[in-house]
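Both complexes below contain chain A, partnered by chain B and then by chain C.
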Partner chain A sequence: MTHRRPHVSGLAVYTVLLFLFLFAPIAFVVLFSFNKTAGLTFPFHGFSLRWYRAVFSSPTYRESIVASLRVALITVVVVVVVGTLAGIGLTRHAFRGSGAARGLLLFPAALPGLFVGIALLSFFVQTKVTLSLWTVTAGHLVYVLPYFVLVVTSRLQRFDYLLEEAARDLGAGPWTTFRRVTLPLIAPSLIAGALVVFSLSWDEVFITFFTIGAQNTLPLVIYSTVKQSVDPSVNAISTLLLAGSLVFIFSVRRLVVDLQQ
Partner chain B sequence: MTAAAVAGQIGSINVRVRRRRRLVVAGLVAPALLVVCGALLVPALNLIVQSFLESSGYGGVVYHFTLSNYLDAIRDPTYRKVAWHSFGLGALAALICVVAGYPAAYFITFRLHHRWRNLALFLVVISLFTSYLVRLYAWYTILGGNGIVNTALIHLGVVKHPLLFLLFSRWAVLIAFVNVFLPFSVLMLTSAMQNIRPELLENARDLGASPLRTFSRIVLPLTMTGAVGAFTYTFILTSGDYITPSLLGGTSSTSLANIVSDEFVALGNRQAGAAISCVMLLIFFTVYLSLSRLERWKGI
Partner chain C sequence: MIEAPSYLRVESATKLFAGVAAVRDFTLDIADGEFVSLLGPSGCGKTTLLRMIGGFEFPDRGRILLEGKDIPLMPAHKRPVNMVFQRVTLFPHLNVFENIAFGLQLKRTSKDEIRRRVGDALDLVRLPGFAERAVATLSGGQAQRVALARAIVNRPKVLLFDEPLSALDLQIRRELQVELKDIHRELRSTFVYVTHDQEEAMTMSDRIVVMRNGVILQVGDPIEVYRAPASLFVASFVGNPNVWAGTVAAVQNGSVAVSVGDRTFPAPTPGVPLRVGDPVALVLRAEALSLSTRMTAAPELCAAEGTVADVRFAGTVVSYRVQLGDRQLTVSRPPQAEILHEGAPVTVTWSPRDSILLPPDEDERTP
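Presenting the complex of A and B:
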C-alpha cells in the first residue's frame, strides 16, 4: 500500500460518524423497548418485557398486524404471478409496443406517493367504492409492481434460453419446460423479489393513509399512536418491525449470494 | 411443388408462428398492464379531468369546464408560501444528502478493502430497508421535551429547561429527511463511483492534481448521473411527503401534501385538491427534466 495521508483517516472518521447518525436513533428505540419504566431518557432503569406484553395483549395491535399481513400477502401473491408473467413476456420476445409496455409497468415507481394516493382516493370516492383493506391493497399493488418487474426482468435478461430449447428438443412440452427448467432457475430471484414486495407493502404509510377504511394497518396504528401521545409500547412494536426487516434482508442476501455462485 | 410455392408456404408458417407468439406475449403482459391501468392510469386520468371541473360543495362535482381550480391554487398566497416552504425544505434535504453522501461513498469505494466494502454497503442497505416510520419515531423520542438530547443538555448544565423548539420544527423535519434518505444517496453514489477506474485517480495525482481538482475534474463529472438521480429522488419524495411534517413538523411546518389532504378530506373540495396535486406533479417533472440535462456536464 502507499503511505497514508492524514486526510484519509479524516474520511474514515467521517464515514463512521455517518453510520452512527444512521443507526444511533434506531439503537435508542430498541434499547428503550426493554426499559422497565415509561421514560424515554437515561438513566436506564433496568430491563423488562412489559412493553412487549402490552403490544401482544392489545387487540388494536393484534388486529392491525393481521390486517397488514393480509394486505402484504395478497399483494405478494398477485404481484409475483402478474409480474413474473409480464417479465417473461417483456424479455422473451421483442414486440411492437414492448418498450411502451415496459415503461407503463415501471413508471409508477417515479410517481410521488401523494399523487398515487390522492388519485386513488378521488377515484374511489367518485365510483362510490367503500374504502377498506381492498382499496389499500389496490394502492400497494401499483406501488410495488415496478420493483418486482425490475428484479425479474434483470434476472431473465441473463437467462440462458438454450436450456429451454434443450428441454424442448428432449420432448418436454411448454408447461413442463417452464415448471422443470425455467422456474427452478429463476426461483431465487422470484423469492428475493417477493421479499422486497412484502417489506415495501408491510411498511407503506403514505398511499395507505389515503386509501384506508375502518380497519387500520400496523404502520397507521403506529402513526396515529405517535400522533396522539408518547406511548412506550411503540418502542416494542418498532423493534418487532425492525427484527422483521432484518430477517427479510438477511434472507435476500442469502439468495443473492446463492445466485452469484 | 415449385421453389416459389415452398418459399410461400414457409413464409405463411412463419407468419402464423409470429402471430401466435405475439398472442402469447400479449397474454403474458396483459394482466400486469391491467393492474396498472385499473389501479393507477384510470384514477390518474380521472384526477386530471377532475382538476378542470367545478366543485359543488361537499364532495360534489359539476361537469363544467373551468380553470379556476388552477388559478385559485396559483394565486392563493398561503399556498404559495407553503409551496416555497415544501420545495425549499425538499431541495435542502436533497442537497445535504448528496453532499454528505459523497465523502462516505468515496471512502467506501476507493479506500476500503473489498470485504469491508461489502460489509459497509450491506449496512447501508440495512438502514435503507429499516422502517421509515420507525426512524421518524426515533427522532420523535430523541428531540422531544423529555427526549435524549434535552435530558443530556440539562444534565450537563448547558440549559435549565428543555428546549421545546427541537421537536415540532422545520429542523426536526430536515434532520429526519436526511436520516431517511442519506442511505439511498450513498448507495447511488457508490454504484456510480464503481465505474471509475482507480488508476484514473492515481494518474491525476501523479500528474500533480490536488485532491480537490481530482474530485471536481474526474469524480464529480463521472458520478453526475448518480448525484442527479439521488437528488431528484430525494427532492420528489421529501417535498411531497405528508407523514414526516405531520409527525415532526407540528403546526409550524404545514406541507403541500397537508394542504392537498385538507382540501380532500376536511373541505371536501376534490377538484381543488386535484389541481394542486397536478401542479405539484408538473413541477416535479420539470425539475427532473432540467436536472437530467446536468448529466451531460463535463466538470469545472
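Presenting the complex of A and C:
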C-alpha cells in the first residue's frame, strides 16, 4: 500500500510537532535551570547548580514557599471539612431549597478569578479587614470550595446508604456509622478532592494578587521576579515546582488506588 | 382473659407515607423461636412492617412490644434485633471476618470471644475458612451467607429477613432455603421473613402472614393457608389455581351446588353463609385435578369433558391446558404418567372436597 506512506509520515510529523509544542517549553526551562551563566537563551554554557543554590539561599523564596504552603494547607483542611459536610447535606436530604443551595455552592467556580479578586478586595476594604495571608486564605476558600464539593458529591451520589442502615442495624450510632463505614469508603475521593484543592490554591495568582498583604506567596514572588529582571533562578524554582507536583500527583494516585482496593 | 405476653407483638401499628397507609392497624403476635413469613405482592406493606420491627421506620400509631417492653421509638442501633437485607450490604472495605465481627466489636466483646463466635457463625453458614476473604471475591450466595453470619453472631432476639434470597439464582435460592430452615432449627431463635415468593414462604415457615394493602388477609400455617384460603386473593397468591366464576344453585347442609355456565358441580360450603343466586368463585387447584382418557368417572367425583389444548413438560410436572367448551382448566400430572397429546379427548375429574368455594374478590378493584 505505497500510496498510504506519505499520509502516515505526515501524521508522524504532526504528532512530533504537537508534542514539541507541548513539551519543548518545559524542557527549555528545566535545561536552563542548570545553566552555568545568567543567559536565558542559547547557547547553553554547561551545567551547574548555582541557580538552585540561589533559590535555597534566598530568604524571599523560602518565606514565600512557607506562606504558600500555609495558605494551601489551611485551605485544604477547612475545605475538606466544610465541603464534606456540604456534600453529605446536598446528597442525602432533599430539603426545601436544596437545589438552590447546590447551585449557590457551585456558583463561584463559574466566576472569573479577576472578578472574585476585585470583589474580595473591595469587601475587605469596606469591612476594614487588614490584608494578610488570612485574607488570601479566605479568598482561596471561596474559589476552591465548589471544586471540592463537585468531587465529593459525585462520590456520595454513588454511595449505597443501605450500608449505613446495615451498620446501624449492627449497633453503630450515627457517629460510629460515619467513622467506621461512610468515611473509610469516601476517603479516596476526599483525598482526590484535597489534592485538587491544594494544587488550585498552591499556584493561584488572581485572587491572591488582590487580597495579599505584606507577605507574598510563591507565585507572586516568581511573577514579580520575572517582571523586574532576567533572573534564571526562576527556572530553578519552576523546575522544583514541576518535580514537586509530579511526585505529589503520583504518590497521591498510589494512595487513592491503594485505598480503593 | 389473661394471656401470657407474646415474645414479639405488633399492636395496631399504622405507618403512613405521605398520608397513605403502608401498614394499617396491624396486629400480630409472634412466639419465641417461631419462623414467621410475611407474604404478599410488592407494595403490600410487608417490608415497612419489617423495618418498623428493625427500628428503621417508626409507626405513626400503635405499639411494638419485644418481650413485653414497648420499643416503637427505639432506634435501630439500640434494638436487640438484626436484619439480613435484600441487597448485599457487606462493608466493602472490610474482609469477611471484620464484617461479621462488626457488631461484636461495637459491644466491646473480648478478642478471643469475637474470634470464637465469628468462627462458629462461619461454620453455621457453611463457610469455614472464609474469614480472611475480601468481600469482592464472594459470590451472591456466599455474600448473603456472610450477611446472615454477621446478623446471627450478635445473638439477636429477633432475626429479620428482607427478601434476602430474591436476587439469587433459583438453584442457590433453593439450597439456601433448606439451609436457612436447618439453621433456624439449630438456633431455635425467632425469624421474621419477608418474601413475595409463596413457595419460599411455604417451605420454610411455621406460620405465614398473607398481606395486601397494609393489612393481614390471613394468618396460618402453610397447610392451612393452602387448603383453606380465607379469600380468593390468598388462594390465587398461594399456588396458581384455576378460578371459575359461578353462582350458587342450591344450598344443602354441608354442601353447595355451584353452576358454572351450563354445568353444576357440588362443592364444600365456605365459612360464610351463602344464598341461592350469590356469585361465587370455584377454585380448582391444578394439582387436585386428575386427567383420564376414559369417558366415565366414578359417581362421587366431579367430571368435565374436554380436549387437550396445550402440553407443557416441565420435568417435575407436566402441565396440561384442557379446553372445556368456552372454559379452560390447567391440570398438572407427574411426569411418570402417560403423556397425552394436543387434541386428545379427556375427562377432567376431581373430588368435590378438593375444590374451594370463595366469595368473589371485591377488593380486587380497590387500590
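Here is the rule we use: the second predicted complex is superposed on the first by the 235 of 261 C-alpha atoms of A that agree within 3 Å, B and C clash if a C-alpha of one lies under 4 Å from a C-alpha of the other, contacts with A are read in each partner's own complex, and residues count from 1 in each chain.
Following the convention adopted for this analysis, a residue touches a chain if its C-beta (ideal position, glycine included) is under 8 Å from a C-beta of that chain, and two chains touch if they have at least 3 such contacts.
Because the structure is predicted, anything quoted here is derived from the model rather than measured.
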{"item": "Which superposed partner A:Ile26 touches (first chain B, second chain C, both, neither)", "value": "first"}
{"item": "First, second, both or neither for A:Leu11, with chain B first and chain C second", "value": "first"}
{"item": "Chain A: partner with more touched residues, chain B or chain C", "value": "B"}
{"item": "Which superposed partner A:Leu145 touches (first chain B, second chain C, both, neither)", "value": "first"}
{"item": "First, second, both or neither for A:Leu246, with chain B first and chain C second", "value": "first"}
{"item": "Partner chain in contact with A:Ser122 - chain B first, chain C second, else both or neither", "value": "first"}
{"item": "Contacts of A:Phe47 with chain B and chain C, given as first, second, both or neither", "value": "neither"}
{"item": "On chain A, positions contacted by chain B and by chain C", "value": "none"}
{"item": "Residue ranges of chain A in contact with chain B within the complex", "value": "7-8, 11-12, 14-15, 18-19, 21-23, 25-26, 28-29, 32, 39-42, 78, 81-83, 85-86, 88-90, 92-93, 95, 98, 101, 104-105, 108, 110-116, 118-123, 125-126, 138-139, 141-142, 145, 149, 199, 203, 205-206, 209-210, 219, 222-223, 226-227, 230, 234-235, 238, 241-242, 245-246, 248-249, 253"}
{"item": "Touch list for chain B against partner chain A, complex", "value": "21-22, 24-29, 31-33, 35-36, 38-44, 46-47, 50, 59, 61, 100, 103-104, 106-108, 111, 120, 122-127, 129-142, 144, 146-148, 151-152, 179, 182-183, 186, 211, 236-237, 240-243, 246-247, 257, 260-261, 264, 270, 273-274, 277, 280-281, 284, 288"}
{"item": "Chain A partner contacts - residues on chain C that touch it in the complex", "value": "54-56, 75-78, 82-83, 85, 87, 89-93, 102-103, 106-107, 150-151, 154"}
{"item": "For the chain A and chain C complex, residues of the former touching the latter", "value": "160, 162-163, 165-173, 176-177, 180-181, 184-185"}
